[in-house]
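These are the structures, in structure tokens.
Each of the two complexes below includes chain A, the first together with chain B, the second together with chain C.
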Partner chain A sequence: MTMAGHDRSGLRRVRVYGVLIALLGIMMFPFYAMFSSTFKPESEIFSAPATLVPSDPSISAYLDVWTQTDVVLWIANSFVISLGTVVLTLLLAIPAAYSCARNDFVGKRTFLLAVLVVQMFAPVVLIVGLFDVITQFGLFNTYLAVIIPAAAFTLPFNIWMLYGYFKTVPVALEESARIDGASQLQVLTKIVLPLTKPALVASITYTFLYAWNRLLFVLTFLTDSGKYNIPRGVFSMVGALQTDWRMMLTVSVIGIIPLLILFAFLEQYIVAGMTAGAVKE
Partner chain B sequence: MSKVRLSNVSKVYEDDILAVEDLDLTVEDSEFVVVVGPSGCGKSTTLRMVAGLETVSRGEISIGETVVNDVRPQDRNIAMVFQSYALYPHMSVRENMSFGLRLAGDDADDIQRRVDDAAEMLEISELLDDYPKQLSGGQQQRVALGRAIVRDPEVFLMDEPLSNLDAKLRTQMRTEIQRIQESLGVTTIYVTHDQTEAMTMADRIVILNDGKLQQVAPPEECYDEPNNEFVAGFIGSPSMNFFDVTVTKSNRGAHFESPAGEFTLGIDVPPGEYTFGVRPEDLTAEREGGYIDTIVDVVEPVGSDNFLYLKTTRSTSEVIARVESDFRPEVGDEIALGFDIEDIHLFDADGERMPVTELQMTDSA
Partner chain C sequence: MSLAEEYTGTDEDSRLSQSVAHLRRNRRAYLLIAPAAVFLLAVVGYPILETFRLSLYRSPADSTIETFVGLQHYVEIVNSDIFYRLIWQTGRWVLVGVAGKTLLGLLIAVHLKGDIKGRKFFRTAFLIPWGIPYAISAVVFRWIEHPQFGYLNAVLLKLGVIEQGIGILGNPDIAWLGVVVADIWIGTPFMAIIFLAGLQSIPQDLYEAAAIDGAERWHQFRYITLPQLKSVILMATLLSTIWTFVSFDVIWTMTGGGPISTTATLVIHIYQVGLQNGNLGRGAAYSVIGFLFLLLFAIVYLRVYTRGGDEL
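For the complex of A and B:
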């Protein structure tokens, strides 16, 4: 490559990185503002002009939050709801996606399209109908009142993603396993699922995040404060006359930490899962 | 080990596509049968029906004394080697080979012993802890064979197992598979489109075309006495030369008139229209006489022999002759081709083989 060529490629790289860093800054700024505010006194949070760096940083909010709120209970409830949603979603999505990937049956295309249509409805549009169903089945104020609707809304994405991924597993592997003596269930659990681990991890992560952040379902179907999750807990801190924003932001930061840990562990699988099948290798 | 019997077996896919039609075949205990035919002839479908991976539309398949039409693949006590090897990528070689035994709940020590024995037989003992992606094509093929061997099945089914290997390795593995089959004595059905594999490996060859059985016979018989024009053309490389001929009676035997030439042979054939066939290796270049006058178009030396691509002077039909390597004519040379009467083949209008009876008199051009 010529000197001029080197210059052009270097300049291009600087421009690309410049744009990426700017976008990252824009996306991360709200998180930074939230995080830095947890170290500010209440008065500084709303001071004008706003301060980027706390003038007198203090970790008192992180000490107070454990005694003055039910953050531990909310995190525990978030885990129950999220894990429950993940389990229910996978129990339904795996067989649905696998049977669509491996069998031709009348109405398969219609089924897959119908599944997609469900994704087009915002939960708030269906909330009144859902409320009726939840109460009719006696699920009001139970974890299932949140887990079932959350699973219903994550199923379309999961079925479609797993469907695409299952199709990439060579049929010969399954046939070979059947001849080796595996039952249909063993073929799925011992051959197909281990080979689709990236997609499963992506599916688990997406569903976990979706359920973790659910406010609407908890707000509507759970009135028992002992079952509040993190978003509902934060929401309960909004007072009619007074709101402790510093504590609220601190709970929000704490509520993000489990997700960050989850992402850190699973990130390598998620990227593979999201892009699998995109190109012919 | 078991006999495998297919009785009037047919396979009809959706849209009435007939893949296999009324196939009758018995593979004897410990026999090595090679099913061969062009792409789409139904050979893999046949094998998959025996494996239980395809349903049987009509007829009956039995392994040993049991009719297996409704028996699941895992309950047929068969082992199959796939064209793609179908090794489980997330399992080590040892885990791949022992997968079936572990599913059957066999004793761990027994599994280890059987895997070690099979690995030793296939010379892959040092690969047992490796994963399929770390292996070469030949090694993967050995693992696939090993996985079949450890299960000690009634029947081996092999679906073009060597087609992904290079020529040298293919020849080596051919011998290896034969050696293993002979030492284990397992009834084997082997599918290939490669007639060299069929000729060199089989006790008997099953030739299929368009889902129909063409011939079942030992390799030499398929070569020397092909049932029909298809078998004659399919077995042998390069393919047999064919000419349309009109036969009339002559006082010296039968007079043949064809675009390739005109000659009289001392054989007894009823007058009529036939297809005349003679293999390239049965043609000889004659200094004098000969039956077919040709001009050399291309000379292809392959080391041990020379392939001559010739045009007949009478109609420019193409003829291929396989001659000794020290006979190398120039392009454009005129050559008269001869052949022995016992090497010719005649097929009737339906492509079926006609018997050729030599008369007790001399033949001439």
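For the complex of A and C:
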């Protein structure tokens, strides 16, 4: 490569990194605003115009938050709701996806397309009908009132994701295990599921995030503040006249920490899950 | 489908017996999909029917008495000014939101595509806004846009763009822009990740050939990248249109639809009428109108998804 060519590509690299860092700065700015505000003492939070860097950083908000808010309860409820949704969704999705991957039966295509349509049927346009059904079944103010709809709306993604992966497991592998005397359930749990681990991890992460992040179902079906999750808890801190911004932003930071840990470890699976639907190989 | 072909040219009787034989042969297959199918019918199918039924009744949430009113709700909705205002407000919300997410996502993806050091770090960082609770993003944007103590005003003042703090979310003219910015921020990562995956599947030799021909970078983007990415862009913007159309948590947490309903979209109105005001019948009628929009999107989506033959 000539010197001139080298310079040009070097310049281009600088430009690409420059744009990337600028974009990252814009996308990270809300996080910066959130984090930096939580280290300001009360007097500084309510000073105008806002200081971009805390002048006298303090961790007092992180000491107060445990006693002044119900953040521990909200986190615990978030875990109950998210894990409950994951379990229910997998129990329904695994058999259905496996059946579609291994059999050719009348109605399979209809079933899979209907599932795809459910994926598009956003909960909010269904919320009035759902409200009626949830109250009819006496589920109002129970965890199930949130877990059941969340499972229904994550089920489509799970079925399609697992269906796609199950198809890639060679039938011959299963047949030889069957000849060795394994039951169908054993074949599924001992051979098929371990081979589809990436899809399972993607499914579980997606479902967990969905249930952790959504406000709508908790807002509508749980009026008992003892069952609030993190989004509902944060929402409840928005006051009509006054808002305790210092505590609210601190709760927000704590509420996303489990997610940041999840991202750091499972990023590749999350990305695989996100691209599965839209980018066809 | 091969099974359908088997049936052609047979008379009713043998068709029935073949169906029974088919059911028997595939009993286990049907048993395995049954729980999921029944569950979806109960939790999604039944509420859909219930929504249609309710839309024909006057049905207050705090009472068990329902009065049949036929199509009255629909007639009143179509004759109301608020309906057309909602269509307009939903339209601009979706259009600006999807355009912003697509352009920003494309910009990120194009710059992440090459041989970037620390791509995994960048990709993870860009992903985070998508994966955290919408309500949290919403309160953070409320805080940034706070009329007195917000960071946005502080930055604009420092740059000399404005002379005194502005209250975006309280201003009926621009409040929706203050909310759509948050929605774009949340929706951009999905687009960026999808576009990045699409870009990485474009054969590299197309670019190499273009480079030999001395094509400018803009021309490469215009004549190689965009055409190759067309189907991915189509799919992603379609999905984004649906999600932006039904976006609820962000608007609800930032403004609740106000001020004077200027940030309300169709789905926000469904919630206000049906659940906040407890007018289940009217809310259901608005929901059915929402179904129609989604149905339209779904038809386009399925067309695109199943194009080029049967791959199920």
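As a working rule, the second predicted complex is superposed on the first by the 229 of 281 C-alpha atoms of A that agree within 3 Å, B and C clash if a C-alpha of one lies under 4 Å from a C-alpha of the other, contacts with A are read in each partner's own complex, and residues count from 1 in each chain.
Operating definition for what follows: a residue touches a chain if its C-beta (ideal position, glycine included) is under 8 Å from a C-beta of that chain, and two chains touch if they have at least 3 such contacts.
For clarity, every value in this text was computed on a predicted model and none was experimentally measured.
In the superposition on chain A, the chain among chain B and chain C reaching more residues of chain A is C. Once chain A of one complex is fitted onto chain A of the other, the partner contacts of A:Glu175 are limited to chain B, with no touch recorded for chain C. Once the two complexes are laid over each other on the shared chain, residue contacts for A:Pro194 go to chain B alone; chain C is not touched. Contacts of A:Val118 after superposition on the shared chain: chain C is touched, whereas chain B is not. Judged by the touch definition given at the top, the superposed model places A:Leu126 against chain C, while chain B stays out of reach. Interface of chain C with chain A (complex): residues 1-4, 19, 22, 26, 28-30, 32-33, 35-37, 39-40, 43-44, 46-51, 54, 61, 104, 107-108, 111-112, 114, 116, 120, 122-129, 131-137, 139-144, 146, 148-151, 153-155, 157-158, 165, 185, 188-190, 193-194, 197-198, 201, 231-232, 235-236, 239, 242-243, 245-246, 248-249, 252-253, 267, 270-271, 274-275, 280, 283-284, 287, 290-291, 294, 297-298, 301-302, 305, 310, 312. Here chain B touches chain A in the complex through residues 51-53, 72-74, 76, 78-80, 82-84, 86, 88-90, 99-100, 103-104, 147, 151, going by the rule given at the top. Residues 16-17, 19-20, 23-24, 27-31, 33-34, 37, 45-52, 91-93, 95-96, 98-100, 102-106, 108-109, 111-118, 120-133, 148-149, 151-153, 155, 159, 184, 209, 212-216, 219-220, 230-232, 234-235, 237-238, 245, 248-249, 252, 255-256, 259-260, 262-264, 267, 270-271, 274-275, 277-281 of chain A touch chain C in their complex. Residues 170, 172-173, 175-183, 186, 190-191, 194-195 of chain A are the ones that touch chain B when the two sit in their complex.
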